[in-house]
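Each of the two complexes below includes chain A, the first together with chain B, the second together with chain C.
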Partner chain A sequence: MAGSLWEEIPRFFTYYNWVFLLEAAGRTLLLTGVGCLVGFALGFYLAVARLYHGRIFLPFKVIIVLYVEIFRRVPFLVTLMLVFFFCQGFGLEVSVFTVALATVCLIAASYTAEIVRAGFEAVHHTQWEATEVMNFTLGQKLRLVVIPQAWKVILPPAFSFFIAFIKDTALASQIGVVELTYVGKVFNNKGFSPVLAFGAILVLYYLMSYPLARFGAWMEKRLVVSKH
Partner chain B sequence: MSYLNIENLHAAYGDNLVLQGIDIALEKGEIVSLIGPSGSGKSTLLRALVGLTKPHIGTVRLEGRVIDYSNKRSLREARDHFAIVFQQYNLFQNMSALKNVTIAPVKVKKREPAEVEQEAKTLLAKVGLGDKLHSYPDELSGGQQQRVAIARALAFRPNILLLDEVTSALDPELVKEVLDTVRMLALEGMTMLIVSHEMAFVREVSSKTVFMDEGKVVEIGAPRDVLDHPKTPRAKEFMAKILRH
Partner chain C sequence: MNYTIHFNLVWKYVPDLLQGAVLSFQIALLAFLGGMIIGLVGASIKIFGGRVSRGIVQAYVSFFMNTPQLVQIYFFFFALPQAGLLLSPYQAVLVGMTLNAGAYLTEIQRAGFLSVHKAELEAADTLGMSLTQTIWYVIFPHICKVLFPPLSNHYIIMTLGTSMAAIFGVEELTGRAFNINAVTFRSIEVFILTAGIYVGITILASLILMFSGRWLFRIKGKVF
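Moving on, here comes the complex of A and B:
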């Protein structure tokens, strides 16, 4: 087996195969990157919206809670199919990549909304009270006091989620998005050894997730320990 | 009409009525101490004054104007006049001592940062922490943190300072440094409403002492009257216990 694998290598790493692989890696990266950035921004705003008190905000809060609780509990693939068939059903002519991107954003927002909410709650209520009696606005409370203290609770689970998310985007191959896992299957179907086909994408997945983990660790160090 | 009038004030935590009709008047420059057993509503009264616990019956008048606790603007205006120092200091953990003192005057009151910083340094020096400007709360002792909290409250330039058991979380040897700071403020004529278990201190600094029990004012008068010659059985019982202790 090792011998045949050795023989396959020059045939596998041709220019066109490289392009095919790297384009797919780019799609995986784009899905994860955009999904996490948009998801985090949206999730952050959802968590902030939950802080508003008053009857007028109640319907919005109910919608946010329902959204967060539902999308966190539904498997990625099911959400992907729902968005896919929703788009088809309403005659929306969008690419499968857009469907996957929308799904990724929906799920990432629901998860990060919960991570950020937990971060806000982890800041002791006395810190909130001190800002309250000194007439801080909600923006000032968050920006100056709560968020700087909440990072240490928000960042580790957020980055674990983002790294897990790189792997979850593999499911986008199910609706035909030509991302890394899809390409692995294509190479395998073309007759390349599964060890070579999936081994190559394994390396690429690793090359994407490792810098993200390092970036998370760097952010934690910078934002959490920055007080000293 | 006094400077601060608290009339028939009621407040509750859920169904638990903690303040049941409080009447206290406070003149400008006066120091009123609140004493009484735990759970008698002393801290809740201070929290109610700054709107952290919403009063649901009764009136609070500041310079004759009623504070409407359900109205954000009225509450904001009222909070500009009060500063509260909490039992657990509640310093912002992500900021140095200096930043803790300057943040509200600069960001909320929009005062000139350089001027505020100069004033903050003077205040911190006044409470004996001129060498701890850049220390973070977790690098300071309880007594030092509490003095930063007092400096922070003073930088807010309040008309009335509310002190909620400022020494009860401290080691006995740290109590003196905080009480000395409050003594200094008393000499300067700061209007204060103080919740305290330090009876000797209450006797020394306050112009009026209020004994509270079960959310009501049981006795009110000069410290020596309330502490040494209580009239009601409940106050007599309380004084007998703590003075014996």
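Moving on, here comes the complex of A and C:
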């Protein structure tokens, strides 16, 4: 078995296979990066919307809480299928990449809403009361007092969530998005040894995820130290 | 825009889906327990082991934490038969999920072990406690309290992770949803029901974990 594996290697790492692999890796990163950025923006607004007091806002708050709770408790694969069949059933002509991107945005929004809320809660309540006393508007409160303190709490978990999603987008191959895992399946179906096909994919994922994970750990350590 | 939602066609499949949920629960629980054992050994080696064994555990943890679980299971499912080890889909998913959980739980448990302060161990020493007494009265209660929230969190994540088994043809909750979808063509309804069941079982698991955490270790946990 090992002998045939050695023979396959030059046949596997041809120029076009490299292009295919790297393009797919780029698509994985694009899907994760764009999805998580849009999701973070959405989640941030959801977390801010939960800060409003008053009875008029209650229905919106209930909807937001339901949204956040539901999307955090449904597997990525099921949400993906729901969005996919929803687009199909209601005749939306979109590519599978867009479907996957929308799913990543939806899920990332619900998770980051929770992360941002935890960050807001980490700011001591006396600070909130002080902004209340100064008669700040909500925008001023966030811009001048809360975010300068909360971002250190928000950034590390948000970043590790982003890294986790590099790996979770592997499931997008299931609806036919040509990202890294899909390429692994294609190589496997072409008759290359699965050790080689999936091994190459695993190594590429590792190369994408590991440096970012190290950077995240470094950032976390640094931000915690600078707090004291 | 000509899709009308008809739940009445899929209601009768709810018991079928719930049976799948039982299988999901089973996979998650077995993988979690296996992962706990791997994690316990791994964390002990990482703290007390020599350089070589620590390096091996570190390589294992970093490999499994930085690659997708799905591709790991693909690898076990397709590549191990080449080495003469044929795994059924269920076994491949279970092995993949256990090894993946082992990596994450190693890290979680290591952090828990390290949270015991040296002063506590010295205090136990001063009181003349034996090693078993120290472990039972000082280290164990402390570690449980620190470890319980992240472990229960990871258990919920693993419950959601079992949906990957559907891709390999295991008939758990998502797998059954795929099958029912193929029979009825009521895709949106079937997956809404499936999502609802996932929400239900994870909320149930969160509630059970929260109450047992409160009762056993006096942790103020929250579900939402």
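Assume the second predicted complex is superposed on the first by the 212 of 228 C-alpha atoms of A that agree within 3 Å, B and C clash if a C-alpha of one lies under 4 Å from a C-alpha of the other, contacts with A are read in each partner's own complex, and residues count from 1 in each chain.
In the analysis below, a residue touches a chain if its C-beta (ideal position, glycine included) is under 8 Å from a C-beta of that chain, and two chains touch if they have at least 3 such contacts.
Bear in mind the structure is a predicted one, so any value in this text is a computation, not a measurement.
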item: Simultaneous placement of chain C and chain B on chain A, clash or fit; value: fit
item: Contacts of A:V145 with chain B and chain C, given as first, second, both or neither; value: first
item: First, second, both or neither for A:T126, with chain B first and chain C second; value: first
item: Partner chain in contact with A:E69 - chain B first, chain C second, else both or neither; value: second
item: Partner touching more residues of chain A, whether chain B or chain C; value: C
item: Chain B versus chain C as contact partner of A:M134, first or second or both or neither; value: first
item: After superposition on chain A, the shortest CA separation from chain B to chain C (Å); value: 23
item: Of all residues in chain A, those that touch chain C in their complex; value: 1, 65, 69-70, 73-79, 81-82, 85-86, 88-91, 167-168, 170-171, 173-174, 180-181, 184-185, 188, 193-195, 197-199, 201-202, 205-206, 209-210, 213
item: Chain B-facing residues of chain A, complex; value: 126-127, 129-130, 132-136, 140, 144-145, 148-149, 227-228
item: Interfacial residue positions of chain B with respect to chain A in the complex; value: 50-52, 76, 79-80, 82-84, 86, 88, 90-95, 103-104, 107-108, 136, 156
item: Contact footprint of chain A on chain C as seen in their complex; value: 1-3, 62-63, 65-72, 74-75, 78-79, 82-83, 156, 160-164, 166-167, 174, 177, 187-188, 191-192, 194-195, 198-199, 202-203, 224
